[in-house]
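Across the two complexes that follow, chain A remains constant while its partner is chain B and subsequently chain C.
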Partner chain A sequence: MRIYGRMAALALLSVALLTVTSLGVLAQEPVTIEWWTVASEEFDEEVQRALVEKFNSEHTDVQVNMTLLPSSGYDERMQTTLGAGQGAPDVALFWITNWYPQALDLTELIENDPDIDPDMYLPGFWNTRVVWEDKIIGLPLGVGANFVMYNKDMFDAAGVEYPDPDWTPEDYNRLVAELANAEQRVWGGDRPRGPYRAIWYNMGARLYADDSSTTEGYLNSPESVAAYQWLWDLVNTNGTPTPADLEVLGTEGTGPVDLFLADRLAMATLNQGHMLNAMAEGKNFGIVPEPHIPGNTRHVNAWSLTASIWAGTEHPEAAWKWLKYWAGPEGQRFLMENGNLIPSIPSVLEEWEGAETEYGQAFLDVLELEQVAAWDNEHPCKATVLRAVEDIWDLINLNQIAREDIPATLDGLVPAADAALQECVGRLGG
Partner chain B sequence: MSQSKDLGPLIAAEAGDSRNRAITSAINGVTARRWLGYGAVYVVLTAIAIVFMIPLLWMFATSLKSRSEIFAWPPSWIPEQPLWSNYAMAFEKYPLARFMMNTSVLVIFNIIGELLAVPLIAYGFARLNFPFKRVLFILMLSTMMIPGQIKLIPLYSIYSRLGLVNTYVPLVLPAFFGNPFFIFLMVQYIRTIPRDLDEAARIDGAGTWTILYRIILPLCKPVLAVMIVFTFLWVWNDFLQPLIYLNDFYSYPISVGLAFFRGRYSVEWNLFMAATLVSILPVLVLYFFAQRHLIGGIASLGLKG
Partner chain C sequence: MATATWRTAKPQARREAIEGYISLLPWMIGFVGFTAIPLAASVYLGFTQWNIIEPPQWIGLDNYVRMFTRDPLFWQALKVTLGFVALSLPLKLVFGLGLALLLNLKIPGMNFFRTVFYIPAVISGVAVSLMWMWLLQPDTGVVNTMLYFLGIQGPNWFWDPNWALPSVAMMSVWKVGGSAVIYLAGLQNIPAHLYEAAQIDGAGRWARFWRITLPLLTPTLFFQLIIEMIDSFKVFTEAFVITQGGPLKATYFYLLYFYEEAFQNFNMGYASALALVLTIIILLATVFVNYTSKRWVFYESE
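For the complex of A and B:
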């Protein structure tokens, strides 16, 4: 019996020793996190590698392995791995809404972490970019927005006054006509990329009712009619490049910025990435918000990158450590100081050197406006309904419709738009 | 009479001369017409070649321009001040030489794989008899009808489970199992080779392997050339597969590497064109040296495009 007792004690001791040893090994072995990212005007390869190096040197328990993907292939790579349900990165940019269901809900992690507080981010970006179906599916990294960039040299050469930030859509059309020079293939301004974006909202137009019940009285409202007629007027100034021109010039949708940098487009609706391009090229430019109707709420098409953790990660705690470093104050400050990121955290944004410049200040003013995404996020059927009514957009852009026919055409599109809306609402479960 | 007799040879000689002159002038006329014909053909062909060269020339011109000059109006073929530094900048920005070397490795292994697998499979289908041969052949051909995108996720899943993601194996391994398109080509080609050659070799004591490697393969040079060139081009230009399977930046091939010149908001066209021009040089060189085989191969196979 004594022998058995000794053997049992020995076995217990061995098990205990093994456990302690393996725990010790586990404690020493750092967890490696897979992180996928892209290079952009705001953070290039070098600055991101430096950020990873800094994090890895400061953390012995978590190490980050960075995979840099080309922007043009990022979607395909993410779709494939998320579709396969394996091999997806622990941390990545989840910039397509379809990927949100596969992002980890961070609510609990944020609640238990004193370092991250939703209130530390710009509220507009937090609400529109990381809150999804009552979950928090990421942290907003940086900010971006559309605004109108105008080429001061071209305005000076044409003897035209710079646009006032308080300008109206009619002012825009007038300036386009004054600045265009058909002989020199110079355009005054570009056309909007689609309806029911900032200018439509600034004119008070909405695609359908807030409760998603109907498009009647919305698609064909006086405000919508006015917005479409404004577009008709713009097209008929003959001072804008056609969508076909831009397709030919920019296979990657880069036409407007390319023309702007070549002094062939006096005004273009661009973003902070383009602003950086213009600065690098030494362009003399200014920025103003998209035109609006005085008295109406003014909107901006703005965004932030959604930095998320994949729900299938085996290391959520370690992934969270990296995510909050990358998209938290420390990482955003690093990317701002060493790259060109414009942070989404006001306390860091205050330190942005660009804020002292004229266009930097104008950019910050734009961020204060109501976001287009605020309405869009609450109305997920917008894209479906827009597809049902895209004919009128094409007809106007191709100059195939008379101005006075626009109200009747919109009236005629209401049944198809309503059908699309009802189908979508039903599909999404009401 | 005697005078005329005396003059006879002279007249005859003159007549001969004039006949010769007529023949010479006729020949000269034909030659001149032929040369004119050649000249016209060459002029037309040169004009067509220039048209085809325009994108390449534009690419070259763009690679030497400043960013704002690219979209200037009126467009210029010759840059105001050629910026050769664009080439250096493109190479400084990304490790293009490394990317091209990676592509070369992929090309070589893919070609080896195809050269090993395709003749074996094609010979089997063309010459050997085995159960379900026709069904298997149709099944093999039917895999060509499946779009690559459909296979992407299942294949990724398999390679991921095997731990082969972020290696070159998924990009090379399929070549060692043959490409249905090449197999089909080679089967058709082998079928045109008389069976008498196989039978003669067999009478001389050759086995199946010997017949394949000593009789059939040497006669298949045109189709093998087509295989090599097409594999080279496909692998050199393949963007999606390496993008899906590789993680390590320094293991990317040139097709993926070039995509880095497209930013999120804009494209550095001048650097992009410089890098692209350099990246297509090996393809042009290959075409230059292999065009005779390629054209011969394509003609003998009845391929287009």
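For the complex of A and C:
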């Protein structure tokens, strides 16, 4: 009898356990995803919290916990948690290349998900921002680009014709000289903020060989010499603000928008955020791509945010649900309608209220150009090499070099540039 | 006299020892966690290649070989930093002492002046840098505007390779209010009867300063010399905010180079080696100053 009693007790216990387990399954807690983000001109804290609230109300199985970090501390926090291999968020902006190895490869998730298709994104941004070493390490969120904004009122006052979108670097210098007016403390146009960006590429200049073997024949190529001499010509128009002027009078750090909005700078290389500012202030302006040499591939300095899942996440499926919502059509539309995001998805971009305006059309045309990042991403030693050769940039900006000395100076910088290149290539494992 | 060991110590002494160690524990934990371990880790990392994200790879002395034999930026950064130390350190010591002597005068409202001159020492380095950038702007800055009214063509300050380093040194002098307070404490510790005796003997102001004030202030000067020297070696904010190391690398300070390697190139192994070399340089300089101090620092008890 005793054995039957024990068996009965065991059976009862099993039934009880099964019941508790089933109830647990039925009332399963939703998975909570940690999401780190920052506030920006495109999306402030309020609009991001509203997006999270919307997502959380529409999803019972996944809940997002948003942590808004100050922009200044975001990099350090990401870097340390990714380096430590613990404590990193499930989903975040991976905007530093060094973090890419820690991003989850989304290839399989995308292949198995009918909602997300690489072709739905603008190809230039997909290729430069989320494809890394044959892996897909994120989704491109929003778009941004540099272009030249020109102040039509200042052109009209000076009796100068507006720039043609097909203009050349020489056209730019000519217009700067024509528009500058020292008496009225007005400048014709700004200077580029560094070499080997859009204008350099538009002139056919490259910093070093495609196989990263040498700078000889690249840094000192006729195209590079021409680009540096173009800068020299620009500086010597005396129609541009000096680096000291730009440092003190331009508070944005991303371009001299203040001078442009104050009608003291007729042309400035700015971005879509500045364009929205100018529209809000009712400025009478136009947009053209940065100048180029006809026949060369035309480039744009453009960017998008890489929204990624941390490879160490314990909830990849849940993280994917949030990521594709945030950086997919639904999230980008929400951030566009409630914030200032310009989406990286053409079908959503069509709904952008600025798309039909003259500015919007010009901006969308710029987005079609070859991206500076396409070359830069393939050549990660660019910054290291540029640092080794930045003296010539300073010499030209300080007006301390003769135009005819530029080719020899570039020749002389090749050994230092090559040494920097070899060190970097070796460090990055070839 | 033999020291009592733990076994032979009386219970009272043991209890006191335990209490002492417990009191020390918070500091010990802090020191080990935030100083000793990072320092040891930094020494180890100096022999590796490490980008933070992936595990460090041991490369032996490669970082140091590169630094001393084929890295022109290292030598440039070192040269600029030593130049800054040589330029700013005497200025800071002299102006700090001069200001302290002024703030030691017995005139009404002195506490107000002491507060005013101390304020720059507590303002954030970034804010100070931005303010000086505005003040020294060549075309529209206050300084050059005032010079213009005096008929003087002001230089381009931070934007001139010959003036950039002196400009940063000038900025550092503006913050001497902090060190003046230390000098002031030293000045006020000098016994008044020494001055009274000297005055009775007919010593003038200059003789009193030279024979009494300065010798008795040498311990404070010694302390300030060490502190200001270390501070000068660590100059960073001004270059980071205003000049970014330029123009023509005239303000390419050691810590700016370190920062670029560590947090822009993520070359943490090399940056650790740079940090260790700077630590050794500062240590050697401090040891040298300490060694020479026997000849010029006088303590009242001596």
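Keep this in mind: the second predicted complex is superposed on the first by the 398 of 430 C-alpha atoms of A that agree within 3 Å, B and C clash if a C-alpha of one lies under 4 Å from a C-alpha of the other, contacts with A are read in each partner's own complex, and residues count from 1 in each chain.
The rule is short, and it goes like this: contacts are C-beta pairs under 8 Å (C-beta built on N, C-alpha and C of every residue); 3 or more make two chains touch, one makes a residue touch a chain.
If you're wondering where the values come from, they're calculated on a predicted model, not measured in any experiment.
Between chain B and chain C, it is B that contacts the larger number of residues in chain A.
Contacts of A:248 after superposition: chain C is touched, whereas chain B is not reached.
Touch criterion met: A:70 reaches chain B, while chain C stays clear of it. Legend: residue contacts after superposition of the two complexes on their common chain; A:346 is shown touching neither chain B nor chain C. By the touch criterion defined above, A:257 reaches chain B but does not reach chain C. Of the two partner chains placed by superposition, only chain B is touched by A:273; chain C is not. In the overlay built on the shared chain, the residue A:83 is in contact with chain B and with chain C. Residue overlap on chain A between the chain B contacts of one complex and the chain C contacts of the other covers 80, 83, 249.
Taken in their complex, chain B has these residues touching chain A: 67-74, 152-154, 156-157, 160-161, 165, 239-240, 243-244, 247-249, 256, 259-260, 262-267, 269. Against chain A, the residues of chain C that register as touching in their complex are 49, 51-54, 66, 70, 72-73, 133-134, 137-141, 156, 158-161, 242, 246-249, 260, 263-267. Residue ranges on chain A touching chain B, taken from their complex, read 34, 38-42, 45, 65, 67-73, 76-77, 80-81, 83-87, 184-186, 249-250, 252, 254, 257-259, 261-264, 271, 273-274, 277, 281. Per the touch definition, chain A reaches chain C in the complex via residues 75, 79-80, 82-83, 98-99, 101-102, 242-245, 247-249, 383-384, 387-388, 390-391, 394-395, 397-398, 416, 419, 423, 427.
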